Amino acid sequence: MTADSGQQLWRLRESVARLHAELTRYRLVAWTAGNVSARVPGRDLMVIKPSGVDYDDLSAATMVVCDLDGNVVEGDLSPSSDTAAHAYVYRAMPEVGGVVHTHSPYATAWAARGEPIACHLTAQADEFGGEIPIGPFALIGGDDIGKGIVETLSGHRSPAVLMRNHGVFTIGRDARAAVKAAVLCEDVARTAHLARTLGDPAPIAPADVDALYDRYQNVYGQRPASTAGP
Amino acid sequence: MTADSGQQLWRLRESVARLHAELTRYRLVAWTAGNVSARVPGRDLMVIKPSGVDYDDLSAATMVVCDLDGNVVEGDLSPSSDTAAHAYVYRAMPEVGGVVHTHSPYATAWAARGEPIACHLTAQADEFGGEIPIGPFALIGGDDIGKGIVETLSGHRSPAVLMRNHGVFTIGRDARAAVKAAVLCEDVARTAHLARTLGDPAPIAPADVDALYDRYQNVYGQRPASTAGP
Amino acid sequence: MTADSGQQLWRLRESVARLHAELTRYRLVAWTAGNVSARVPGRDLMVIKPSGVDYDDLSAATMVVCDLDGNVVEGDLSPSSDTAAHAYVYRAMPEVGGVVHTHSPYATAWAARGEPIACHLTAQADEFGGEIPIGPFALIGGDDIGKGIVETLSGHRSPAVLMRNHGVFTIGRDARAAVKAAVLCEDVARTAHLARTLGDPAPIAPADVDALYDRYQNVYGQRPASTAGP
Amino acid sequence: MTADSGQQLWRLRESVARLHAELTRYRLVAWTAGNVSARVPGRDLMVIKPSGVDYDDLSAATMVVCDLDGNVVEGDLSPSSDTAAHAYVYRAMPEVGGVVHTHSPYATAWAARGEPIACHLTAQADEFGGEIPIGPFALIGGDDIGKGIVETLSGHRSPAVLMRNHGVFTIGRDARAAVKAAVLCEDVARTAHLARTLGDPAPIAPADVDALYDRYQNVYGQRPASTAGP
């Protein structure tokens, strides 16, 4: 490892540690039950939260570096118990640079009923391109969760999957994009829940969903040069 | 531009940046999905949030100044993707000095059902003068959203409109008044939602709504001299 | 006024200003729509929030001192638009030393339906001694709200009344006790709402309500010497 | 008492005081209505919150040390009005090192209906090993609450009991584990409530609940050496 790639990895550890603060800020997680990871660009490695450690105690130093089979490469602590699922996604989906897992309450309520979130909101069309799908029930401890995520999201516009009776996994081109998807998934799940409680929300025409999705993915935000590094 | 008007514009940029903190404080927005703008008094300009920038990173320096067709006049960043809607409102409604847009969850749930919020609360009569109306479904990218806002709110007492399947737009004599309307719109939408969940709230007689609205608009708060400049 | 009573009044102004922070901490209020007042012990005066001023800007200096007809005695700002209601309560109920008004969302939802909160929780029996009652619909601007509060709470155990289509008023031996009642009123209203959403909560036997109320009023907390001055 | 055991006791007082901040962070408590206690290892003593004292004012110095009959041994303040229940649990369940009591709103709503929380979430299987049970209605002031907790939780996997019409008690090997159970109990109660509001959540097969519980209790988190003292 060169000094440069060592420094780059340290900055990624800092960034992953810091992104967990968005999970607590938006109340997506309770106690230690949620985690963010990032692929190390150009290497078969990932940075992930340590298992069972308080969000307040996360820092670059406490993050864990694993290979894409989930083996620890750097770090003194055991990695998240969801490491196998994150690793499976990175192996199967080379375009994914970040993965987030939460049990955020409104989204997980849809997951508990096994009911996808139909698209009744322009914000959902923007970010998810249509419905947010349900993934299979899968036990922790092997590749079943990872497989369920990949099979559900492959070829799907949505960066979020509601794993049955479990919670949310989101993917993104980097960890920040996956965190954004987790925040917006809960936001959309909450509004959809509230709308449905008092009646039937009106659907958005599929062509309008397409138009919104296309515009948001290609026009929203700042041009890359001003907001993101290479 | 004189030094005075430059200083005044800078203070307005500071004020608009700071007002976004009310959107996060009251949890009206998730990630970067909500924005405040202000008309520059006496000039055909507006100050608005940059697109896709974190609320924590807003400051006078990052705000964008546009003309009332939405073209950038000052600022290094792209303006909010909702700039066209804000600009349309300023062109069509000369009495409006501030516009706010959010997807606040309870209000947006009413928007998703396309159901106006009937007036069952004195606080709603005070601020909104009756029901909070529904605006049309409109796609982003042209003048449709702006037109929908203006057509719904022109001649209506309510400073808030629930745009179908989308979210809330509010107007005010200045940006602070529009932010206040956005905060109270969500507050009223939440209480109305909770009331309806368990039964039928009692209506307020139209004459009482009128009396409450009239008093609140004319008597509430401090006399102008002690709280606001000209 | 002696120097001593002047100092005591200033400390009361500080205390009333500070107690508003509990209203925001527990999210009982939005924008400026809620207020706390305290009777000045031994004098026909009250300290109350100024009208339409942000909670962040409250301090001893911005508080307003009124006589018990609501006329300003000290202070540069106009008093709360609810001053007449507070004043009426102090005139009619000499044992009351503090009054609080909020539109806290769950409690106000019960008020919008005109439905008292039946006692299904030991915490409600403790603090309210049974159901939390509904007061009449009353317009602001005269003595109607004050009368409604006093008629509903006189001879009732509950220190909270849900004013129809409006919100909550609470009373206490001092301002802190009234704030406590406002906090617990919303807490109880929320849990009762949630319980009712999915079924019928079990009632508590009246004799058990009596036993809980009696114990809590007489045994809970620290002995006066250790927690409160004279 | 040796200097060492005195120092150890002071650190435990600090730790119990600090753990109350988790109750407010997760909004499990309103005003002063919730408390944490810890058994003093190797001695027939417990450390518990003083009665009716604000969470902001808790420190090692304000904590109360009681024997396991609830008599004050150290401390200037009266102990929590729930001390008898905590003490009963420590006497009856020697493996318990921490007890927490809250009226957290979603869990207490299930308690008000007397309805156990069936297991529809992997997070519930992990921490609670199945349903979260209902305990009896019991009045404060004797051993009835303590007995109800012990009879419900003895031989049950769940570290949480929903006491009818009252609230939540949780137990753990230490105070931190009991606080974790209280946080996760409310989290699970909320998601289960939301899921049920719009339909029937899918059950998890008993064998899967067993597998999840076994794994979480034995594999999750860091190895003892790195996260906890003896």
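For clarity, chains are labelled A, B, C and D in written order, and residue numbers in each chain start from 1.
Methods note: contacts are C-beta pairs under 8 Å (C-beta built on N, C-alpha and C of every residue); 3 or more make two chains touch, one makes a residue touch a chain.
If you want to know which protein each chain is, UniProt gives these names: A, B, C, D = L-ribulose-5-phosphate 4-epimerase.
Source: prediction; values computed, not measured.
Peer 1: Specify the chain most distant from subunit B by Cα centroid.
Peer 2: Greatest centre separation from subunit B goes to chain D.
Peer 1: Interface overlap for subunit A and subunit B, more than half of numbers shared or less than half: same or different?
Peer 2: Both copies touch with mostly different residues.
Peer 1: Considering subunit B as a copy of subunit C, what rotation angle in degrees (nearest 5) results from a C-alpha superposition of the former onto the latter?
Peer 2: Best-fit rotation on C-alpha atoms: 90 degrees.
Peer 1: Quick check: how many Å separate the C-alpha centres of subunit A and subunit D?
Peer 2: From the centre of subunit A to the centre of subunit D is 31 Å.
Peer 1: So what's the Cα centroid distance for subunit A and subunit C, whole Å?
Peer 2: Whole-Å distance between the two chain centres: 44.
Peer 1: In subunit C, which residues are in touch with two or more of the other chains?
Peer 2: Each of 197 in subunit C touches at least two other chains.
Peer 1: Specify the contact topology among the chains shown, as one of line, ring, star, complete or other.
Peer 2: Topology of touching chains reads as a ring, each chain with two neighbours.
Peer 1: Check the chains against each other and report every pair that touches.
Peer 2: A-B, A-D, B-C, C-D
Peer 1: Per the contact definition, I'd like the list of subunit B residues that touch subunit C in the complex.
Peer 2: 26, 120-123, 180, 183-184, 186-187, 190-192, 194-195, 197-202, 204, 208, 211-212, 215, 219-223, 226-227
Peer 1: Which part of subunit B faces subunit A closely enough to touch in the complex?
Peer 2: 30-33, 50-53, 76-78, 81, 103, 105-106, 108-110, 112-115, 137, 139-141, 164-167, 193, 196-197
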